[in-house]
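Two complexes come next, and they have one chain in common, subunit A, joined by subunit B in the first and subunit C in the second.
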Partner chain A sequence: MKCLYCKSIFVTSIGWRDLFGLDHEPLLCEDCRGELVFIEGEICRQCGRAFSLFPEKYRQNDLCSDCVEWNQKGRSISKNRSLLQYNSFLQEFMAQFKYRGDAELIKAFKSGLQTLFNKEFRDSILVPIPLSKERHFERGFNQSVLIAGLLDIPMLDALARPLHEEKQSKKSRLDRLGNRTLFSFKTGSEVHGKSIALVDDIYTTGATVEAAGKILLDHGARKVSSFTVARG
Partner chain B sequence: MKIQIHTIAIAAIFGIFTSPSQWWLCSFLILHLFFTRHRLSVFAHILMVSTYLFFLVYTPFYISQQGTQLTPNTSMITGKIISTPVIDGKHMTFHFKLPHKETLMVNYQIQTEIEQKQLRKLYYGDRCSLSGTLERPPVNRNFYGFDYRTYLERSSNIHWIYKTNNLSSRECTRGNGLLVSLYRFRQNGIILINEEFPKELSGMMNTLIFGDRSGIDESLQEQYQSLGLIHLLAVSGLHIGTILGLFYFLMIRIGIVKETALWVLLLIIPFIIVLTGGAASVIRAGLMAVVVCLVALFRIKITTFSQLCMIFLGLLLYKPTFAYNIGFQLSFLITASLILSSKVILREISLFRQLLYGSFIAQLASLPIVIWNFYEFSFWSLPVNMIFIPFMTVFLLPCVLTTFCMFLFFPFPVWGILSDLLSVCFKILHAFMQWVETLPIGVITLGRPNVILMFGLSLSFYLFLIAWEKGGKRLISPCLCILLVLGIQLYYPKMNDKAFVTFLDVGQGDSIVIELPYRRAVYVIDTGGAITFKKEEWMERRRKFDTGEDIVAEFLKARGIRKVDALILSHGDFDHIGGVDGLLKKVKVERIVYGKSDHLEASEVEFLKGLDAPIVFLNENISWRVGSSSFQTLNPGQAKESRNNRSLVLFVKIHGNSFLFTGDIDQRVEARIISHYPGLKVDNLKIAHHGSESSTSSSFLNEINPQTAFISVGENNRYNHPSTTVIERLEERRTDIYRTDRQGGIMVIITPEGKRISTVLPKDDINTK
Partner chain C sequence: MRFATIPTKLGPFLCPEPLANQSTSLFPISKLTELPYPPLQSDFNFDPDLQAFFTGRLLLLDEIPFPLQTIQAHYLHGFIQYEKGITKEEHGLSCRRCGNQDKELFATFSCYRCKEECAYCRNCIMMGRISQCTPLIRWAGPATGFHVEEPILRWDGQLSELQSSASERVYELIGHAGEILVWAVCGSGKTEILFAGIEKALREGLRVCLATPRTDVVMELFPRFEQAFPNTQVEALYGGHSSMDRASPLVLSTTHQLFRFEKAFDVMIVDEVDAFPYSYDKTLQFAVEKACKDEAARIYLSATPSEDLLARVRRKELDVIHISKRFHGYPLPVPEFTWCGNWKKGLKKGYVPKVLTEWVKRKLDSGRQCFLFVPTVKVLNDVYECLKSDSVDFVHAEDPERKEKVNRFRKGEITMLITTTILERGVTVPEIDVAVFGADHEVFTSNAFVQISGRVGRSIEDPYGEVTYFHFGKTKAMASAKKTIEQHNSRSSREIDK
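Our next item is the complex of A and B:
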């Protein structure tokens, strides 16, 4: 098989579960899979960051100091869960996916995301974080919609992003935390009383999902959480 | 999605095994298709179904292509020997290929010791002209028995045994060619090792080097078998791997380029396959090695598992009947399991654990096949394997190979030291095995499971392996599944209200097994016994046939009977008690019952003294009950009588069905019984004395009025039993007759509602006349 990312030919060792197709075939080669760091073990109850990769002094019981800070300010997102640690490999990987238009790449995480979703967000409905029209045109696809699409459950297009502005990744932490009016609610979307999982590619400071979550809560959503591929 | 070759291999195996009598096997394919409907593409499904259908049609076609063209009256034949001739005492056998490509099994009875020596000069490839007669190979005559005819047809496409009366090495001409030279080298090597090395070493050496097990004592082989070590005596992947690994290492050491070394390996693999005997496991291992070399040479990216599946499919295409070969089944199943478990095994860092897990998985994978074929397994098998596998492959095998090479290429005394050392090693090894055998809770006899339990067992093993692979702590439920299936197999007879009375076909002689409802007790009446004549040493066969060991004990094991409550010996004739020692050796017997008499002959007393079980003497009119079944003895009486007439006669009533087991009594005792026990009515009568004219009188039959009669008698016996008069007497009374010489084993299945009789060979009414 050909690795989806590095394009090298590889063979997979087959196990008992593969015998009758119980396991999904990996799409990445052994080496690429080795670069991925899955978030496991103890995590922050709210933002889903792994404590093992985080200085102990910023930890307060089952919360990280960022989350404590967020909570003091008031928070719309009940929790965030991410599949992978955002390391330099994944950064390159996501860049190829997002900026160089290799939309197929995200399929490598399908089974992982499905398992995580079923474990953490079982009864939630999906709302992908939208792109502005200009950005969507420039990129050709919305990565959040692609990620949400992997889960084979209906998603709700409840948000719009009217402003075209600089990418989040080009802004500083303070810039990000400052803005609150990124999104607008699409009238007519049924969010009242529902538990919603926002879908995005990367959670770094949480500003994006926080902004989106606030709007959804304002329009009657019961609970908003966030579900991302990577945790920065 | 890519094609998964193992799904095709699975389809192929089901295609081969599905036959009109086993049509339900197709349900496995349907189930598989159903469960994988979302995972596999339509194309993969079409491929699976077409593979299945292909093998479904191809297997019977292949078998019919291999049919015989000979007529039974063929007497003169010319052809060539295509196997290494086997000499076992007076018997010599080899495969013989005729010009029209048909293969025969040739049998020859050696007359003298000198002739035996001369015949050792017959080799593979020799061309001979023979005269003799054709015979069909014998069919299976007992429940759970071995069908030699089917075996020969499936393994070697042999349909006839040719008994020749003129065979001499001088009248045969030597064949030529590379293959012939290889076979000659192998045969000479075996003889040379037998002559030059000490006895305890030569057998093992021939086994490990040439795959020839004939030099190892039968009882030692049985020990290997019962401890689950028999695979060490079969040349296997480990073995071929070790040999090739040594070669490769040597070549690299002396500075040969890797690629060249691989090419050399490719060249020598066919030689190794022939020299090590060419059994199914050797072929598998050899082909695996070929593929591994090719993959390394051409840098093909393909998983080991796919390689194995391709070899599997290739071999089945070449010869679908391979699927019936136990060695083939075990070899592929164990290899596949080890490959599939490589994740689990390699997860462990410590070598000890890797070895532990590897041995465990190999055991687990082979267990269903082992239980089906040998009805039992040993708990000590796993620890013993963990010691023996590394010791054998890492130490003993290289040592044996080195010794043999030194023996071939260096003069005395270098190899002598090594050979002495090895002899000691094997002695210690075998002493250790003997010690393990004496340990408690060794062997557990399960009996042959039915197909549903087999499937349940395999499925729970599969679930266990999946759970293990996941690495979770959810091993408990699959373990419970395994225990449940084994528990059902162990305790099902205890819940079954059916009783079974089985007349075993022990040739001329009696042997009857009675299993009471809920298996409250198991009684065995007599053990049969094949009469052997005193033999000179050169005539001794390696394996002596014994009715008690080979027929009675095998049947008991297959039924999952671990203990016989009473072995009832009707009287002291050899055709009734000849197999006692063999039976006692294999199965636990609580007590032996013998007819009480003040007039026992000296030989009887001596025989009874030598038995390793408590003996109970019973005379007439003693009754006992077990559950709802009742037993009563009707003979021997007080009077001084001949041995036959002192036979213990037993009247049994199970679920309202009465049986009379008569031993070898004659009309006089029959008359005494009907006068002493008036009103005796018997539904099922074991005809006394194998249907001899002096027994089974008309008045006796009139009085007891049996519905069904059972005659335990050998096929074409020298006494012309059963007598036509007895048969006529029975037929006049419209008694249903069952004979072990016609129907083979006969099983009476008694339920509270009635009885049903099942026979190994079909019974039609023309047959009994």
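Our next item is the complex of A and C:
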């Protein structure tokens, strides 16, 4: 079959099909799959980054020192889990998905995301991070909705993004950490007492999901976590 | 984008969603069975800048740096047409920009622009997404004229006898509908044979395009064309550098960038001599045909003409000129096949076959420079790990240090260069051998092999470099390359004899 990303022809080994069934047949060729780094092994309990990727001295038990610091200030997101390391291959891959608008690409991660969701977020409902109207029109789709859509679980359109993203990306990290007005709550959304998994493409500083989580908690959500494809 | 259909006394016309009245019903362009084209009203005061920008182009709305109101006004007066980006044909979907009809290369998503399940073309996604609701927009008014000041051509080089007869044939074709195949090998001096013909075309106010699958060929030819045609605004189009200025009479373009043209050119030169690792596939043929005017002169430069072209030559539908004898008149080296066992398995365990290490050692000991071609970047990295030393380096198509490395190789500071790609024409090293490792891999087509042979033995002092294919099972491509090279050589020797 043809690799979804690089379009080269490849053969799936029989073993793969026998083990996982046709549904789990990989859509990417061996070379492309080889470029992906799955997050495995010991991770920070909170932000979900792999301990193997940074110096031991930034680790305190099962937390990274960023999270220890952040927890003192209080935070709304109980945990983040990402499927993949945001390496240079994945950066290009996600750029083709998001910026060039190649919606189909995200299907390559379907089974991986399903497995991660079942392991970590079982009883949560999905709330995709929204785009502004301008950005949504320009792109034609919202990448978070496409990601959430891979899971065959009901999703809730509980948030809106009144500001155009352009203004946001120019701000520094600190600015963004303090930014809580990024999103607004869509009145009537049923979040009360629910455990919610926010869905986004990339988790970098966590500021985006943090801002979204705060609003959901304010409106009565029991717990908010973050479910992302890539960990920057 | 969605459109409203508005009835008028001249018939219905389209109005794009952002300009439409709130209450009118809107449809994606794909859902409109018939697209109205308002008649050309020649007394309309059209925008000459828009004309100069747009002539011969077929673009997405996002690619047009003019306000939507301006575009719509020109549409209403028949100077612009909206077209479906993707059409539904009997057999399935078809992309109007790149010609893709392969089911595997269409996908759908739930589209916020048209509020429908919207199919898009994955084949030309790198040029900006075309989906079913995306209009393609063309200029339908009078075309911009081109005029180039004399002297048009500044070049005083000498052509060989074979070159000048080819040059004359090209010159004669300019201004007529017709086709010619120039059968040239890498290093045969094919650019120069085009100059006289291009000069004639520019003098007659015609528009000329040279298209090639490779970005680096465009980059390399650009300064040469600018120098040869000093009074012409030469336009170079390749990925990441597609200036969208006024239409130019002389365009150098990668074949992908051609997707943005329609009925633009009077003269189309397709240079696939150095195409490897890209192939001149169906998509690119479509792009070339679409970019040509109906009565265009078409010139194909090729080292390894496709079976289609050759069949047309045999049926006498297509004229052919050979400049297959390279400028020093020596034949291409015939490849030698060397079986090297299961090289993939070896690489996984971290070693390369002994026959290869021995070959490399022989070259390095003798100090003779060589290229080692490998099929993929992954293999490149693995092989380099096994062979690395002070005199060995590697380069691939996207290598940021590509230029430096090539320069160091040219200066002789590197003895062996491992590579996935044919290098720029500037790399003519006097004494050189070539090996292809993993020659049974599918990237090595027969055409690729012939082009690889074209890199070897390119000087009068040392015309007989050697070419070795290390393989785990002989492929059709290998055999056919060998045959093609032998045929080339026998033709060359006949021409030398006469």
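In the analysis below, the second predicted complex is superposed on the first by the 219 of 232 C-alpha atoms of A that agree within 3 Å, B and C clash if a C-alpha of one lies under 4 Å from a C-alpha of the other, contacts with A are read in each partner's own complex, and residues count from 1 in each chain.
By our rule, a contact is a pair of C-beta atoms (placed from the backbone, for glycine too) under 8 Å apart; a residue touches a chain by one contact, two chains touch by 3 or more.
The structure displayed is predicted, hence computed values, not measured ones.
Novice: Who does A:Arg100 touch here: subunit B (first), subunit C (second), both, or neither?
Specialist: Second partner only.
Novice: Which holds for A:Asp62: it touches subunit B only (first), subunit C only (second), both, or neither?
Specialist: neither
Novice: Between subunit B (first) and subunit C (second), which does A:Glu190 come into contact with in this model arrangement: first, second, both, or neither?
Specialist: neither
Novice: May I ask you to decide whether A:Asp218 touches subunit B, subunit C, both, or neither, giving the answer as first, second, both or neither?
Specialist: neither
Novice: Applying the touch criterion given at the start, work out whether A:Gly140 contacts subunit B, subunit C, both or neither, answering first, second, both or neither.
Specialist: second
Novice: Identify the partner contact of A:Glu42: answer first if only subunit B is touched, second if only subunit C is, both if each is, neither if none is.
Specialist: In the superposed model, A:Glu42 contacts neither subunit B nor subunit C.
Novice: Touch test for A:Glu92: subunit B only (first), subunit C only (second), both, or neither?
Specialist: Neither subunit B nor subunit C is touched by A:Glu92.
Novice: After superposition on the shared chain, which partner residues are touched by A:Ile9: those of subunit B (first), subunit C (second), both, or neither?
Specialist: Touch partners of A:Ile9: subunit B and subunit C.
Novice: For subunit A, which residues belong to both interfaces, subunit B and subunit C?
Specialist: After superposing on chain A, subunit A residues 9 contact both subunit B and subunit C.
Novice: Using the touch definition from the top, list the residues of subunit A that touch subunit B in their complex.
Specialist: Answer in residue numbers: 1, 9-17, 19-22, 25.
Novice: Which residues, counting only subunit A, touch subunit C once they are in their complex?
Specialist: 2, 9, 31, 34, 96, 100-104, 136-137, 139-142, 145-146
Novice: Which of the residues in subunit C end up touching subunit A in this complex?
Specialist: My answer: residues 104, 107-113, 118, 120, 122, 125-126, 128-129, 131, 376, 378, 442.
Novice: Using the touch definition up top, name the residues of subunit B that touch subunit A in the complex.
Specialist: 1-2, 4, 6, 32, 35-36, 39-40, 301-303, 305, 339-344, 462, 465-466, 469-470
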